[in-house]
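Take a look at the structures listed below.
First subunit A sits with subunit B, and in the next complex the same chain sits with subunit C.
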Partner chain A sequence: MKTLSDKKFSGKWLRRALAAGIFALVVLVVVMMENNILFARNRYIYVLLCYIGIYSIATSGLDVLFGYAGQISFGHAGFFCIGAYGSVLLSHSEWGVAKLGITPLPPILSIPLMGLVAALIGALLSKPASKLVFHFLSLLTIAFNQIMYLVVANFPGLTNGFIGITRVPPVKLQLFGATLLDFTAVKSKYSYVFLVMAVLAALLILKQNIVRSKLGRSMIAIRENQTAANGCGVNIMRAKTVSFAISAFYVGIAGGLLAHMVGFISPDTFVQNTSVIFITMLLFGGSGNMTGPILGALVITFVQESFQSLQDYRMLIYGTFLLAVILYQPAGLVGLGRSISGMFGGKGGANRGAA
Partner chain B sequence: MALLDVKDLSIEFSGLKAVQHLDFSVEKGEIFGLIGPNGAGKTTVFNMVSGFFKPSGGQIFLNGMRIDGKFMFEINKLGIARTYQNINLFNNISVMDNMLIGQHCRIPYGTFASFFHTRKYRDCERATREKARETLGFVGIPEREDDQAKALSYGEQRLLEIARALVSDPCLLLLDEPAAGMNPTEKDNLARLVLEIRKRGVTVLCVEHDMKFVMGITDRICVLNYGQRIALGTPGEMQRHPAVVEAYLGGGE
Partner chain C sequence: MQMLINVLIGGLVLGCTYGMLALGYSLIYQASGYMNFTQGNLLMFGAFIAYQLYVVWSIPFIIALAGSLIVMFFVGWMMERFVIRRLVRKKAQNVYVVLATIALSTIVENAAMLIWGSNMKYFPSLYSNPSPIKIGPATVSKEQLTCIVVALLAMLLLHFFLNKTKFGTSMRAAAQNKMAASCMGINVNTTIGTTYGIAAVLACLGGVLVAPTMYVSYQLGNNLAAKSFAGAVIGGYGHIYGAIIGSLFIGLLETFVGAYVSSAYKEFIVYGVMVLFMVLRPRGICNANVYSV
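Coming up: the complex of A and B.
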């Protein structure tokens, strides 16, 4: 008994040390890049890192819903859209609220605010969604995605329609008129990556907290067995609502970060394909854990960039990726890692089922 | 006042009267058996008491409070925990996690504590884990804590299901065919366990096919046939009751 708990204890610290190590490495790389030691000639890598961070946030959010609560969504680009457009419309000096004669908010406030709005809309969407399963749920979420797309595309007075909005204000941290921090992606110093990484780290800690609590266990319970969950005192409707809301919050934040990074948004970013990319990342990396979504975001972003010249065949490539993963490695890259470490006698093994 | 009072309970599924005008009450501290031939409506009664089905007529009272028509999770919170005829575990997660989910409605911290792991979270989680370990020890599978639930043997899965129900501190435990598929040794151990559960102050309502098992542990038995009560009394009385004998062995033609 004693040895068992000791072993667990050291394993926990090993994992924590590993996580801290990876985090330190990321910070080190970024600092070196910032001081032109690493990748000095290739600033493109910063933008790539920002994309990976943003996609990691969105995919982690989708993981709360799919990996833990077991609910599928093919419409998370809808929440991405709410976060991005919402934040831009709240903070832009020419479009959105400015058109209505209201003073725009600074982006540092509008991004989290729209995260909360996305969560609210997610909670509302869960009301009809919690009555549906599998393909019916997929259809509902696809429809939601389509609605959001059409809404932003068809209010040209507010959103400039299909043309999109340029000159999205950058994120700044201002206090009494003085700029303390300036997060921009296109100036000479790419400090935006710090912002993205900080938000990613905070949201990952929050996610780990959630899944290791009563709340997260209620989600796992409905994924595993709804009848038993109900009998164990889990309010299924509530668990579904909360998982939809949390998931939408993450994706909404990611959308806001994306819009203020790129400086331009148009409805094209929020088509159905984007939702499919999220799902691909999640399945490829492995759902129901912390590292899976990040790995997935990393690999798929690189794939996307390396096949830039094959734009038209992108969905074909995703399709092949998805099929390969579902057929040969249902637990994703994380599952592959586990089975490899299991092969070498490590304490691998799938002890926590990845959905 | 009886712990569980079932009054004039009826349910029909598109015309089929599965249970009709059923009355019985379970006293506190009792082990009460519900028996009957296949299709007599025993599990249907269970499903109504635990809130899985909504009865089409009649009332169910727990400690004088009307519970029929409430949701399953509400009834669990009020103190009824159950097991299932075909085991319903959370298969892909550890035995410990199953036990933690079992205590879901007894964990006092809220959403804020879930998000930010406050001091209250840590204290509650520690107590929850201790209680889970204690209960696993009580049913006799303390060493399986870290295993996946689906890796357990059939008998152990049954025990885990009972442990998961017990850990939510119920006043009434519903066991739906707990001995089904068990070998004689396992059945003996189970009978001992049910008696131990009663000693902990938990009232037990049990559906079972195995006559030896039921006769051995119950204080009173209600016999159902075609959704109606045909007899109610002590095991000894039931063995001699003509209606029960006829239902089980068939009338002389």
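Coming up: the complex of A and C.
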């Protein structure tokens, strides 16, 4: 008994030390970046990190739905769209609420607000599909994605149509009129990346807590066997709807962050292909865990950026990736890592799997 | 009156095209229980193959049509043989099979873009004398009439194939109960593979029929696919006759709204009607079986 608890104790401390080490490393890198020691000449890396962070948030959200609850959405670009356009219309000084004569909200409030709105719409959308055969959810989400795209493309009075909205206000943390923190993408050495990383960390902790709660466990039960879950007293409709709402919240936040980072939005970002890219990132990294979505977002973003000259081949590459992963490695990169460490007799065997 | 007839014919043409795709969805869903997202891009690919044979290599139209249908049959069959069947054999979750069809669809679309470029291609008229025909006060182009007639013929042919031939009967048996069908000596794998092939052939036929009225481009399939999904859902997903009824309904609705209300909102109305059907009557017009558990 004593040895067991000792083992647990040391394992816990090892993990804490590891986490502290990673944190220290991140802080070190950040400090070096701030003082122009690292990446001083290559500011591009900050933009890339922002993209990776934002896509990690979106993919992690999709993972709650797909990796844990076993439901699929082909329309998460629609929630991306709600987050981005909603936040811009709430905070812009010329468009949206400003046109109605209402004082625009600061972006730091409008982003989370639109995340909640996306969650609400997600709940309303998935409620009717949750009692139907699984593929109705995919149909409904495709239709939803199309409708959102048509809305932002066809109402020039509201969204300026295909031309898009420029001069999106930057994110600032203000208190009583004094600017405490300025996350302007251009000034202050791309400090936006810290905001994105902070939001990502907070949302990952939230995800970990959701997954380990009763709700998370019932999601996994639904994924494994819906009939058995029903027999064990899981409220299937409720769990499906809530998981959809949570994932919509994550993707909505990511959309808001993207809009305020780039400073420009147009309907082209929110086409069906974007939803496919989210799914590719998720499956490529590995679904149903914490690291998979981040790994997927990282690798796919790098692939996208390093093959910039092959822009035309982009979707072909994604499609091939997706098919190869589905056919040969459904657990993604994380699964690949686990099976390799399993080969060397590591502890992280396959049965640590989805939890 | 003249406008009414023109709009009616236009709606029927669209409805028939959607119907060819929706039939493919329903056939595959019936035979294998999976959704298939490739139909729209198979339509586009079939149209491009016909374009390559007929326009680029100037092969006579009938041979070019037959050639493209045969090629598309094998494309559909190979998709089932090398992707879907492998996943089913590995006992993958339903979601992965659907995702695989999405991946295939993306690959087909972008492969077509690489092969034939991203410009729109003009597909010439099938008739040496393309002057329109007069029906009462209205004039209708020959392509439109051909599209309607051929689509209806194909649907009738499919009906007889499924109900009167031995192979069709075994396909329906395999769709109802795979285990029982294989006990009766039916090769279930072959019938499912053939179903995918037939669905691809229907899509290709639809593509060749619309090619002269629309331009051929690598994005031809996406819009048509989404609309025919709406048709399949409204008719009752997985119901073969429902797919035709729903698609004709969507085609007519779209054209009438476009002509008499506003062409800007026709897409909204189509998708809105689809969402309403899903929420209020998911069984569709023909009472498909859609409730789980």
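We take it that the second predicted complex is superposed on the first by the 321 of 355 C-alpha atoms of A that agree within 3 Å, B and C clash if a C-alpha of one lies under 4 Å from a C-alpha of the other, contacts with A are read in each partner's own complex, and residues count from 1 in each chain.
As a convention for this text, a residue touches a chain if its C-beta (ideal position, glycine included) is under 8 Å from a C-beta of that chain, and two chains touch if they have at least 3 such contacts.
Every value quoted in this text rests on a predicted model; they were computed, and no experiment measured them.
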Just from the overlay, do subunit B and subunit C fit on subunit A, or is there a clash? fit
Please indicate which partner A:Ala221 is in contact with in the superposed arrangement: first for subunit B, second for subunit C, both, or neither. first
Quick check on the superposed pair: does A:Ile236 touch subunit B, subunit C, both, or neither? Answer first, second, both or neither. both
Regarding the shared-chain residue A:Ser266, is it in contact with subunit B (first), subunit C (second), both, or neither? neither
Which partner does A:Thr291 reach: the first (subunit B), the second (subunit C), both, or neither? neither
Which of subunit B and subunit C A:Ile210 touches, first, second, both or neither: first
Comparing subunit B against subunit C, which has contacts with more of the residues in subunit A? C
Is A:Ser339 touching anything from subunit B or subunit C once the two structures are fitted on A? First, second, both or neither. neither
With subunit A at the vertex, the Cα centres of subunit B and subunit C span an angle in degrees (to nearest 10) of 80
Touching partner for A:Ser191 - first (subunit B), second (subunit C), both, neither: neither
Does subunit B (first) or subunit C (second) touch A:Leu322, or do both, or does neither? second
Compute the least Cα distance separating subunit B from subunit C in the superposition and give it as a whole number of Å. 8
Share the list of subunit A residues that count as touching for subunit B in one structure and for subunit C in the other. 227, 230, 236
Quick one: which bits of subunit A touch subunit B in the complex? Just the residue numbers, please. 4, 206, 209-210, 212-218, 220-221, 224-225, 227-236, 242, 351-353
In the complex formed with subunit A, which residues of subunit C make contact? 35, 83, 86-87, 92-96, 98-100, 102-107, 109-111, 113-114, 118, 222, 226, 229-230, 233, 237, 264, 267-268, 271-272, 274-275, 278-279, 282, 290-293
Given the complex with subunit C, which residues does subunit A contribute to the contact? 66, 70-72, 74, 128-129, 131-136, 138-140, 142-144, 146-147, 150, 154, 226-227, 230, 236, 272-273, 276, 279, 283, 312-313, 315-316, 318-320, 322-323, 326-327, 330
Would you tell me which residues of subunit B are touching subunit A in their complex? 50, 52, 71-73, 76-77, 81-82, 84, 88-94, 97, 100-102, 104-107, 109, 111, 113-117, 121, 125, 146, 148, 164, 168
